[in-house]
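Consider the two complexes below, in which chain A is the common component and chain B and chain C are the respective partners.
Our next item is the complex of A and B:
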C-alpha cells in the first residue's frame, strides 16, 4: 500500500511539478499439461517526479518511498530541468495548459484473497476438465496473470489522484495435431478487477473451453483461405486491434509530431461515414471500461477522445505538451507503466462505436468472404499499414457460414480499410488481455462491434 | 535513475516459488522486504504442487567479471553529443551508465557481472518525415568515432531528400545492412532455436530438425560470449559455454537447451536462459567488401533497416515486416531514390538459404536498445547480406 495523500510534499515544488508514487504488483502462474511451470509474485515500487520549466522537462525516480527520498527525487528532477535550461533556450516562454482535478478510485476486490495454492487448485481443476474431455489434445497451457497498479499523484497545479486499477486475466491455449501439423487456438478471459473478481469458480469456464475446443477441432479440419481482397466481417477482437494498432497509434499526438500519416488528415474524411472511433476514458453508457482512467498521470481529468466522428478525423490524443503544441486541450491520455517511467501519450479504451446491424444481417450480406474472429501478432505502422494474424475464422458462402479456415493473415492500409466499412454491428465487446508496447508497457482496452469491410487476406 | 531489482527463487520439497522486489538502497528496509518475501515463499511452498522438472541449483564455481569504461560524464554528455547533430532534425535517446547482474544461491555459488556502456539510438528526419535510423553504442567513448558515425547517417539523409519511388510487389535482389540482418536474427529467439519450442512443434526450425532442410553453406551463427558484453551466467546461475555453434555452414548443429527443458525432454542442457532466447548471437562475416556492395547488387533494393517483424508462418520460417527508414532503389550499381514503405513476406529458408548470394566482410555489433523496465545488455553481432531474391508483397 502506498501513501494516498502526497500533499505533505508540495513544499518541495519550485516550478511546474508532478509527483507520483506507484506500486505494481504481479502474480503469474502457468500450468502446462497439468504441471506448474511458473509461479511468481513480484512487486515494483517507488517515487518519481517530473518538472517543467522554460520549455524543458526534468525527470528523476527512486525506488525508496521515504520522505527524504521524495525530497531527493523532486530536487533531482528540478536539477535536471535546470541543466536542460542552461543548454536549450529555444522553447523559453512556453507554458503548459493548466489542468486540475481530484479523483480517488480503489478497485481492490471485496472478496477474500486467494492463496497461490488456491489458484493452482483452480488451474488444476480446469486442466483436469480439459484433459478428461479432450484427451486427443497434444498440449494445454493455462496462465493466470494478475496486475495491480496502484498510483498516487500530486501536481503543482493542485491535481490529486489515487487509483488502484487491477487486471485479472486467464489465458487458455489448446494444441492438437492434424496430419502431422500443429494446430493451436487460444482465448483470454477476465479483465478489470483482481483475479478473485473473475476466477472463483472453475466450472463457470467449462462452456467457454468447450467452445474453444470446438473451434480448434473445426480449424484442424479447416481449409486455406483464398488469397486476395475479400469481403470480410472483422469481429470485435479484430475490429478492436485495427482501431488500436492501425488507427489509434497514428493519432497519438507524439507520433503525429514524429510524422505519422494522420497528421495530414485532420478535418478530412478518412473513413466511411458509418465510423465513429473513440478512445474512451473510463466508461461507455455508464458501464466501466476495461482500463478506466479518471485523472491521467499529468493530473488532467480524462475525457473521451473522439478521434473520428462520422468518418471525419476530429482529434488526436494529447498530453499537456502536445496540447500546447497543437493549441488545444489535453485529453488525459498521459500514462506511465512503472514508477520509473515518464508518462507518454497512451490509449485507454479504443473502439469503433456500435452501429445498427446484427451479425446475422452482416453474414447474410456476404456472398463470398470470411468471418474473422480472433487476432494474433498484431502490428501496424505510423502509415496505418497493418498486418494481423488471424488464428480463427470461417468462410462465408452465399450468406451463410461455411468451413473454418486455417491460420491466415490480413493486411492493408487501415484508413483505406475504414473507407470500405458498410455495416457495423449494434453490440459491443471489450477485451483487455493485451499489453501495448511503446518503450513502456501499458494495459489497454480494445474491442467494439463487428465491422463489415474489405481487406487483403493471405492465402496458403 | 538508479534502479535495482532483487529476484528470489525458493525451492523446498520439490516445490518452487519465485518473487521479486524493488531494492531501495536502504539496507534495513531492503533486508526486511527480502525477509518478508522469503517468509511468504516458505509458507507457500508447503501447499503447492511438486515441480516435476525441478532442477536443483549447484555450486559449479563462482565468477566475477567487471568491465570498466571511459564513458561520458553526465555533465559532458550534451556538449559532446550536440555539435555533430547541428543542422539536422534528430530525435533520439542517449543512455549511459553502469549495468550489473549478480547471482547467488544457498549452495555458496556467487556470480557478479558489471559493465559500463553508452547507446545513442536516433532517427534523422527529413522535412517529408523520411528517416535514417542509427544506433551508436559502445563502452569507451570515442568522440571521433561518434562524429564519423553521425556524419555517415547525415550523408544517407541527403539521399532521402530525393523523391521517393513506389516499387511494385514482387521479387527483388536485395542488400540488407547489418541492422536489418540483426532484426531477422532476433526472430530466432521467438519460436526459433529453442529446444522447448522444437519439442512442442512451434518452431520455425522444425524443417531443419525433422526434414533435414539446410540453410546456405555460407550461413553460420553461434551463441558467443567471448565479447564479454553479456554475462555467461543465466538467471539460475548456470554458466554457458564460451561459444556454442547453432547453425554451422547451413546445418542446425545445436539448439538452446535450458536445464528445465533438459529435464523435461531428455536433451543435454547447454545452460540456456529459461526462455531459451539467444543472449549473444554472432553471425560469421563473409567476403563481400563494403565498397563492392552496390556494384554486386547492380539492380534491386538496398535496405538499411526493416521494421516490426512478425512470423506470418512460423513452421514455414516465413517472416513479415516493413521496409522502413533508409531503404533505396538501386539501378546500375547506384542508389537512385528512396522507396516508399513496403511490406515484405519471405522465409528465412530463402534469404538465409537458397537465395543467400554473399555476406558482408564486416560484422557489426547491433545493441539491444529496448528499455522495458530496464536497459538491455544484449547485442547481435552480424554482417549485411546480399540475396538474389526477396519478396515484397504490399
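Our next item is the complex of A and C:
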C-alpha cells in the first residue's frame, strides 16, 4: 500500500512541484498446451518528484517510500532542474498554467480475492475444454494477466488525487496446420477491473472459444485478399486502432510540436462530416471507460478532448507545458506508467462517436469489399500514414459475407481515409487490453463503432 | 541516496542479500531456489521539440525469486529490500509454487565456478553528456534546418546484478553504458516527412553523437523525404534492407528458434538444425561477450555463464536459442539468451550493390504487421527510396513491400561490406530478390 495522502510533504516544495507515490502490481500465468510456462507475480513501488523552473524540468525517483526518501527525491529533482537552468537559459520566464483538482477512485474488486491456485485451475479448465473439443489444434496458449496501478499525487498547485486502476485480461491463442502451414488466431477478453471482476467462471468463455475456433477454421480455408483500394468495414477493433494510432498520435500536442501533419490542419475539415472523434477522459454516457482518468499525473482535472467535431479538427491533447506553448488549457492527458516515469501526453480512451447505421446495413451496402474484424498490431506516422495487421476478416460479395481471408494488412493516409467514411454503426465496443508505446508503455482504451470506408488492402 | 535496509539485513552487503534469500527459501522448504538481486541508477537528459527539457535521475533495486518444490514452480519479484518484505516474499513464492502444476522440465543451473564480471564505467560524465547533446542539437539545426528533433534522449545507466541459486551458483555483474536516441521529422511548409528514429549505445562519450550508429545518414534522408511519391508501378523486384531495418526480418527467424515456438510445436525450423535455412551468404552470431559491442551480458537468465554463438553459419542453422526449461523439447539448451547480434559483412561495397539493382527499393524503415506464422509479410516502406537501373531515384511513400521471410533469406543476392555498429548489434545492408513492391 502507498500513502493516499501526501499533504504532509508539501513543505518540501519550493518551486512548481509534483510528488507521486505509486505501486504497480502484476500477476501473470501462462499455459502452453496444458503446461504452466509462467507463474509469477511482481510489484514495483516508489516515489517520484518533478520540478519545473524557468522552462526546464527536473525529475527524480527512488523505490524507498520513507519520509526521508520523499525529501531526498524532491531535493534531487530540484537539483536536476538547477543543473538544467544553469546551462539552458533560453526558456527563462515560462510559467505553467495553474490547475487544481481533487479526486479519489478505488476500483479494487468488491468480490473476495482468488488464490493463485484458483487462477491456475481456471486456466486448466479453459485449456481442457479446448483440448477435448478441438483436438486437431497444433497448439493452444492461454495467458491470464492482471495489472493494478495505484497512485497518489500532490502538486504545489494544491491538486490531490488517489487512484487504484486495475486491468484484468485473458489472451487465448489457437494454432492449427493446414496444408503443412501454420495458421493462428488470438482473442483477448477482460478489461477494466481486477481478474476477479472478469474471470470467476470459465464456462462463461466456452462460447467465445467456440467462436474463436470457428473463425480459425474458416481462416485456415480462407483466401488471399485482392490487393488494392477497397470498400471495407472496419469493426470496432480496427476503427479504434485507426482513431488511436493514425489520428490520435498526430494530435498529441508534443507530436504536433515535433512536426506532425495535424499541426497544419487545426480548424480545417479533415474528415467526413459523419465523424466526431473524442479522447474520452473517463466515461461515455455514464459508462466507465477502460482507462478512466479523473485527475491526470500533473494534477489537472481530466476532461474529454474533442479532437474532431463533425469532420473539423478542433483540438489537440495537452499537458501543462504544451498548453502553455499553444496558449490553451491543459486537457488532463499527462500520464505516467511507473513510479520512475515522468508524465507524458497520452491518450486515454480514444474512439469515433457512434453513428446511425447497423452492421447489417453496412455489409449490405458493399458489393465487393471486406469486413475486417481484428487487428494484430498497428503503426502510424507523423504524416497519419498507417499500416495495421489484419488477422481476421471476411470477403463481402454482393452485400453478403463470403470467405474468410488469410492474414493481410491495410494501409492508407488516415486523414484521407476519414474522408471516405460514409456509414458508422450505432453501437460501441471497447477493445480489451489496449497498450500504447511512447517512451513508456501504458494501458489505453481503444474502440468505437464499426465504420465503412476505403483503404488499401494488401494481397499476397 | 543509498538503498535502505532494515532489521537484520542492515548489516549485509549487497552481494549477501541474495545469499540471505536463498538461505531462507531452502529453509522454508524449496527443493531448488534462484535469486537475482539488482540495483542501479539512470541519469537521463531529454530534448523535446528541439529544446532541452528534462534532466531525470532514477534509482531502483529489486529481487527476483524463483522456487521449485515437488517439480512445481513459482516466481516473484519485489523492489522493497527489507527483511519483512523479503521474508513475506519467501512465504508467498512457495505458496505460488505449491499452487501450480508439476513439470519435469523445471530446473535451475548446475554448479559453476563463482565469477565476477564487469564492463563499462560505473559513473557518468554528466557535463560531457550535456555538451554532447548541445553539440548534436547545434549540428542538426545548422546542417538540417528543416528537420525537427521531436525528441532526443541521452542516458547513462549503471548497476550491479547478483545471481545466486541453491546449487551454489554465484555470479556478479557490474556495468554501465551510455545510450543515445533521437526521433525526428522534417517539414517544409505543409510538406512533412515520415518520422524516423536512430540511436546507439557506447561505453564512453568520446564520439560526436551524430557520428554514432546511422544517425547522420538518417537525418540527411529525413530532410530528403519531405516530398515523396509512390513507386511508378507494381513490380516484383529487389530490396536492399538497411542495418536500421533488418531486425524486423531477423526477428522472425529468432522467434522460430526460441522457447515459445519450439515448446508450442509451431516453429518452422524445429527439424532444421544442421540444415540450410538461408542462402550461404548469411552468417549470424549472438555475441554477448564481444568486445566490438558496448552492450552484451555475462550471465544468462537461467543462470549460466554466457557464451558467444554462431546461430546461422553460411546459411546453416547451428543452434536454437533455448533456455534450460526448453530442454523439454528434447533439444539442447542454447549457449546464451540471444541478442547482441552480429551479421558478418559481405565483400561488396553498398554503392556497388545499389548499382546492381535493376528495379527495387532501399528499405530504411518497415511499418508492417507481424508476419504470418508461415513467414508471409507485408507492410509499408517508410523513409525508403526507389531504385531503378542501378541508381537511387527518389524518396517514396505509400509503397507496400510484401513477400515471405523464409523465401527471402533463401534468396539473398548480396551482403554489403559496409556495416553499422549500434553498440548492441552490428549489421550490414542485405540485398534480397523476389519481393513484391506495389
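As a convention for this text, the second predicted complex is superposed on the first by the 459 of 460 C-alpha atoms of A that agree within 3 Å, B and C clash if a C-alpha of one lies under 4 Å from a C-alpha of the other, contacts with A are read in each partner's own complex, and residues count from 1 in each chain.
Methods note: a residue touches a chain if its C-beta (ideal position, glycine included) is under 8 Å from a C-beta of that chain, and two chains touch if they have at least 3 such contacts.
Quick caveat, the model's predicted, so the values are computed rather than measured.
A.B. asks: Looking at the superposed three-chain arrangement on chain A, would you call chain B and chain C a clash or a fit?
C.D. replies: clash
A.B. asks: Regarding the shared-chain residue A:61, is it in contact with chain B (first), chain C (second), both, or neither?
C.D. replies: In the superposition, A:61 touches chain B and chain C alike.
A.B. asks: Have a look and say if chain B or chain C is in touch with more residues of chain A.
C.D. replies: Result: the larger residue contact count on chain A belongs to C.
A.B. asks: In the superposed arrangement, which partner chain does A:440 touch: chain B (first), chain C (second), both, or neither?
C.D. replies: It touches chain B, and chain C stays clear.
A.B. asks: Can A:390 be said to touch chain B (first), chain C (second), both, or neither?
C.D. replies: In the superposition, A:390 contacts chain C only.
A.B. asks: Look at A:342 in the shared chain and tell me whether it touches chain B only, chain C only, both, or neither; answer first, second, both or neither.
C.D. replies: A:342: touches chain C, not chain B.
A.B. asks: Taking the superposition on A as described, I'd like to know which of chain B and chain C A:72 touches: first, second, both or neither.
C.D. replies: Once the two structures are laid over each other on A, A:72 reaches chain C alone.
A.B. asks: Would you check which partner chain A:409 touches, where first means chain B only, second means chain C only, and both and neither mean what they say?
C.D. replies: both
A.B. asks: Quick check on the output: what are the common chain A residues between the chain B footprint and the chain C footprint?
C.D. replies: 35-46, 60-64, 66, 69, 83, 87, 115-117, 120, 124, 138-139, 175, 181-182, 184, 258-259, 340, 377, 379, 381, 383, 385, 387, 389, 407, 409, 411, 439, 456, 458
A.B. asks: Which residues of chain A touch chain C in the complex?
C.D. replies: 32-33, 35-46, 48, 55-64, 66, 69, 72, 76, 80-81, 83-84, 87-88, 90-91, 115-117, 120, 124, 138-139, 141, 175, 181-184, 227, 254-255, 257-261, 264, 321, 340, 342, 376-377, 379, 381-383, 385-390, 406-409, 411, 413, 439, 456, 458-460
A.B. asks: Which residues, counting only chain C, touch chain A once they are in their complex?
C.D. replies: It is residues 1, 3-4, 48-49, 51-62, 73-81, 92, 95-101, 103, 105, 126, 130, 134, 148-151, 153, 183-187, 190, 192-195, 260, 263-266, 268, 325, 328, 367-370, 372-374, 376, 378-380, 382, 397-398, 400, 402, 436, 438 of chain C that touch chain A.
A.B. asks: Within their complex, state which residues of chain A touch chain B.
C.D. replies: Answer in residue numbers: 35-46, 60-66, 69, 83, 87, 115-117, 120, 124, 138-139, 175, 177, 181-182, 184, 258-259, 338, 340, 377, 379-381, 383, 385, 387, 389, 407, 409, 411-412, 437, 439-441, 456, 458.
A.B. asks: Which of the residues in chain B come into contact with chain A in the complex?
C.D. replies: 1-5, 7, 16-26, 29, 40, 44, 47-49, 51-53, 75, 78-79, 82, 91, 125, 129, 131, 200-202, 307-308, 310-313, 315, 320, 322, 324, 341, 343, 345, 371-373, 393-394
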